[in-house]
Amino acid sequence: MNSWGKYITLTTFGESHGPAIGGIIDGLPAGLEVDEDLLKELMRRRRPGGTQLGTARNEADRVELLSGIFERKTTGTPIGFIIRNTDVRSADYEKLRDVYRPGHADFTYEARYGVRDYRGGGRASARETACRVVAGAFAMMLLRTAGVTVSARIDQVGKERCQERFNEVIQAARAEMDSVGGFISCRIDNVPAGWGAPLGDKLQSRLAAAIMSIPAAKGWEYGMGFEGCTLRGSEVADEFYTEDGEVRTRTNYSGGIQGGISNGNSIEFRVAFKPVASIACVQRTVNTSGEECMVSITGRHDPCVLPRAVVVVEAVAAMMMADAMLEARLARV
Amino acid sequence: MNSWGKYITLTTFGESHGPAIGGIIDGLPAGLEVDEDLLKELMRRRRPGGTQLGTARNEADRVELLSGIFERKTTGTPIGFIIRNTDVRSADYEKLRDVYRPGHADFTYEARYGVRDYRGGGRASARETACRVVAGAFAMMLLRTAGVTVSARIDQVGKERCQERFNEVIQAARAEMDSVGGFISCRIDNVPAGWGAPLGDKLQSRLAAAIMSIPAAKGWEYGMGFEGCTLRGSEVADEFYTEDGEVRTRTNYSGGIQGGISNGNSIEFRVAFKPVASIACVQRTVNTSGEECMVSITGRHDPCVLPRAVVVVEAVAAMMMADAMLEARLARV
Amino acid sequence: MNSWGKYITLTTFGESHGPAIGGIIDGLPAGLEVDEDLLKELMRRRRPGGTQLGTARNEADRVELLSGIFERKTTGTPIGFIIRNTDVRSADYEKLRDVYRPGHADFTYEARYGVRDYRGGGRASARETACRVVAGAFAMMLLRTAGVTVSARIDQVGKERCQERFNEVIQAARAEMDSVGGFISCRIDNVPAGWGAPLGDKLQSRLAAAIMSIPAAKGWEYGMGFEGCTLRGSEVADEFYTEDGEVRTRTNYSGGIQGGISNGNSIEFRVAFKPVASIACVQRTVNTSGEECMVSITGRHDPCVLPRAVVVVEAVAAMMMADAMLEARLARV
Amino acid sequence: MNSWGKYITLTTFGESHGPAIGGIIDGLPAGLEVDEDLLKELMRRRRPGGTQLGTARNEADRVELLSGIFERKTTGTPIGFIIRNTDVRSADYEKLRDVYRPGHADFTYEARYGVRDYRGGGRASARETACRVVAGAFAMMLLRTAGVTVSARIDQVGKERCQERFNEVIQAARAEMDSVGGFISCRIDNVPAGWGAPLGDKLQSRLAAAIMSIPAAKGWEYGMGFEGCTLRGSEVADEFYTEDGEVRTRTNYSGGIQGGISNGNSIEFRVAFKPVASIACVQRTVNTSGEECMVSITGRHDPCVLPRAVVVVEAVAAMMMADAMLEARLARV
């Protein structure tokens, strides 16, 4: 349940306020050069406290790689890693012990398991995405050997579409003790035609599933997306042509995928992230005894997940693409 | 690759113009009463030729159930089934043998496999969804024992949101030898709190993956969706309250899922379907030798997938929910 | 539950006395030439009624291949197939409706599922192995492209080790309304070093699991096996040497596998099959009401599974090796 | 590849001479009381240096539980754990850098991955079984709630079957710089009828696969095993009777499993372990350049794996049974 991927799998563990989070990356081919700088750079981009836009929690987020690497190359055996939780203030959460925070997983975890680690959101905390960034870094190292790159960016914050004003919109939400959502778009370049699979393992299914498992994601679309679906077929047909002997499409309404398989064009998708539910203004809720009460969430939280989610989207997409890259080796005799 | 589900799995096979399509449903609990009328009714709703809106292909779509049922109840062993392809006119496709149809999977299948069954779209044909409707019928029989219902409807056709005019919009597209897309929304009622799982197996991940594997789906959103993500956190907070001893939310921006797990409210999601790529007007494309050419797709095709996709969306969602229903039995000691 | 394999999967369905049994082979690479003669020959070897040693049931066992093949080659899409049950005499089983046959799965299926198809052993019938022979045939076609061959033979019948007397021993058991067990050994030749995987997916684990799922198998050993384990380390060390630039072992106590991975030597294993439980002499048992009663099993049964099990062992081993063959493509960057 | 189990999964990582080994246990139900004493006791039984029979390597083997436990109960989220490697003498292995040890996985790992961590056997080291003992401890905690117990014991050392002389036989092998193998038998008591599954997931398949993945295991048999298969059907029929309203068998040739499903009797199986390949006497082998050379393995090694393997067999069997225990919840509507 805590895993992603089929050929290269990531399994993660860890609660936000436990001793450590971590994971195991299994199935990575042997002989891959490990680029620790890339890993550090991605971790830095996701790190809380890294920007004035983010949470005040300051985690060093040092990744301890425990196995699967020998003389700076992967050995084909699983890569185990842990990240210690160092800046934990569980006391902040003591008062939330018996309260279900609106928009959070407190109630649903308890409904499912009959128990929950209430400190810092426990397992449901976005802190877990650090582990996916680790796996994403290794996925990118592999993709790089095929020339494939993944890059995401914020498309919209609230109703604002102008990049220069994103910061303002986020600061305004923070000032009003509120939060704000938006969209991230991602493109994957240089994917050769033929990655992916039909039916149950369509590339879009795997990307959608993995991306929708990022906390706060509420929607996923690719290529023409929702808006393009309001058009006529003649308006969104990706006509084929040839260029240097390669079959290409002139337009990319398909988003680089047809029938679940890459067509050689860039893969393009977009994700909607909700405004975070941890807001300081007072909200009505119920406690674990079923009594109605009021709550104001005063921990250290981002007013907007987007700035830190960009690298998580890239990492998660890279994991799925690296998986598809290996799978493509199995398609023909 | 041709499978869905974890506890109850469906694996399908079959090309559009082969002798038969079919599948195996594995993991269905024993003792479930088989409602053949429900199965027939769902198949009728998906059937080509069933309405004046759809393709002219007329398949009886008789489902032969070959195993796993004894004295009208499931036995716990796998249910194998086949549906013969009866109204096959492969000659229609002979001229497409060497041409990649724009917006279709012809090129990508060939890029991946080096070979393809060009007749009727082969494995990429939407005909395969008939198998998912069969599995969906059994999933609904199981869900019914828990009172859970799944119902979808067309929300928008092209830019039209008024139900009464959907037919007109589709006929207009057909008249102009064009096609039209749109949105389907789906709600799942009476799901108890606690179905689903964290992280890799979040309910939204599983629903998104399965729905995005339906041909022509280009986007998926749940709860507040893309539009809600442009709002402030204070505007979309689902405050908890209690009703008859049950914890409920007043609003449903969460779409019935929090942290990957159902919260007791209705699960609500929306899917965008593209206008079908099989259009009669002439398009530019390339052939398998890489030469540019023209193509006009004159087979029997729907101008709009939405009318027949409604029941497919329901079936696919039911499969995922039945899976989650079983999984919920494993959560506690 | 009804599946085998990880990269090439077989999922089967079907009860002994239902309309048909069948399966889906998924993951077979595209472009493999389909050798229908091989398939027929393997089916003939497994077929009941094929020899005077076997059951009197006479099934044509005609395999209908329904998909995944185009112009005599695999297309990469799943191969669905069915085998109709034609010579079914369910009346033979009517009297067994309420009786648990000793040594059979009647009681355990009912304990698990609360229901069972009592006709002909239902799903637990060895008839299901026909589906594995179909998959094994395709596996062999793939293995052949790498020069790998699989061959099994009867090693021992009862206490008899002399090939020439096996027939006599079986006929003697039949004459006495009894049955007899024995051993089958299997060798897989020309496997290159490097197939298999460490830990959870060791080659011996996968072979043992698949072979132990054949009805009546009671034990599995490879290389030195049980007997070799009574020796000293110095007696069973496989010393390495080189031959034509290849690393080889002089002896093969390892059975061709070290650390879960093939070492280039022949893979050799042995399976123990119990004497079939369907014997005509009167046995004590209980019925479904828990009352003690007597039973004599008078259907058409083999006095010994070994003659027909040889090809099943080959097929099942071939499936696992074909799986490992594909997996080996993923090991290195 | 480094995983076991379907409903409760264990994934492990770690090389013998890396900083740590560890794993993730996923799928364990919430609310299970964690018995750390049991965990410590099992670890102590497996620990090197624990007895005069074992290797001189002395690892504290302290298990750090990093997640999934809150207030001494499981929370339903994954349990991550690590065990630091403390007493590592990699220098012992420096001279083995370029040599393939006979009977070891050195050559096959390199054949597969093109690279290997030669220190201490790397990933192929039996040290990895410590992680399975951790998972086995949790499995036993769960099984205990159903009254199920797992107990293994040494049956035979070399050719010796008398318990009192096992120690002598092992010491004699050590004195002669040799090693010795033998058999371990295991019984699982109080398993209710109905655990397990037909076909691909038969209980015997899962037990055999998991047990055969323990280093040095060369054979697996259950119930009547190899020897019973030389008998007549009438000699090994497990006749049913009833006792206190429960269906039972008078004898247990079936080994507690029929058709892949438990029958309520004790599950009994036996494993053959080879004499360890690390022996001090000089052996011929080849090096990584393909040149023939001599090797004498002078690290710290057990002359016999059996004493420490007993608890590993119990742990691995417990994992599979706990998996089957959860699965049984899914069998009926």
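Read from first to last, the chains carry the letters A, B, C and D; within each, the first residue is number 1.
Here, a contact is a pair of C-beta atoms (placed from the backbone, for glycine too) under 8 Å apart; a residue touches a chain by one contact, two chains touch by 3 or more.
What you are looking at is a predicted structure, and each value in this text was computed from that prediction instead of being measured.
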Using the contact definition stated above, find the chains touching both chain C and chain D. A, B
Comparing A-C with A-B, the busier interface by C-beta pairs is A-B
Chain whose Cα centroid lies at the greatest distance from that of chain D: B
Between chain A and chain D, the Cα-mean centres are separated in Å by 37
Taking each chain's centre as the mean of its CA atoms, how far is chain A from chain C in angstrom? 44
What whole-Å value do you get for the distance between chain A and chain B if each is reduced to the mean of its CA atoms? 25
Send over the residues of chain D in touch with two or more other chains. 1-3, 12, 27, 30-31, 76-77, 109, 112-114, 123, 198, 331-332
Within their complex, chain B touches chain A through residues 1-4, 12, 100, 102-105, 107-109, 111-114, 123-124, 128, 156, 158-159, 173, 178-183, 192-202, 204-206, 208-210, 212-213, 215, 217-226, 228-242, 245, 247, 249, 253-255, 257-264, 272-277, 279, 281, 283-286, 290-292, 328, 331-332
Any idea which chain B residues touch chain D in the complex? 7, 27, 29-32, 74, 76-77, 142, 145, 198, 326, 329-333
Chain B partner, complex, touching residues on chain C are 1-3, 9, 11-15, 18-24, 26-27, 30-31, 64, 66-68, 70, 73, 75-80, 82, 109, 112-117, 122-123
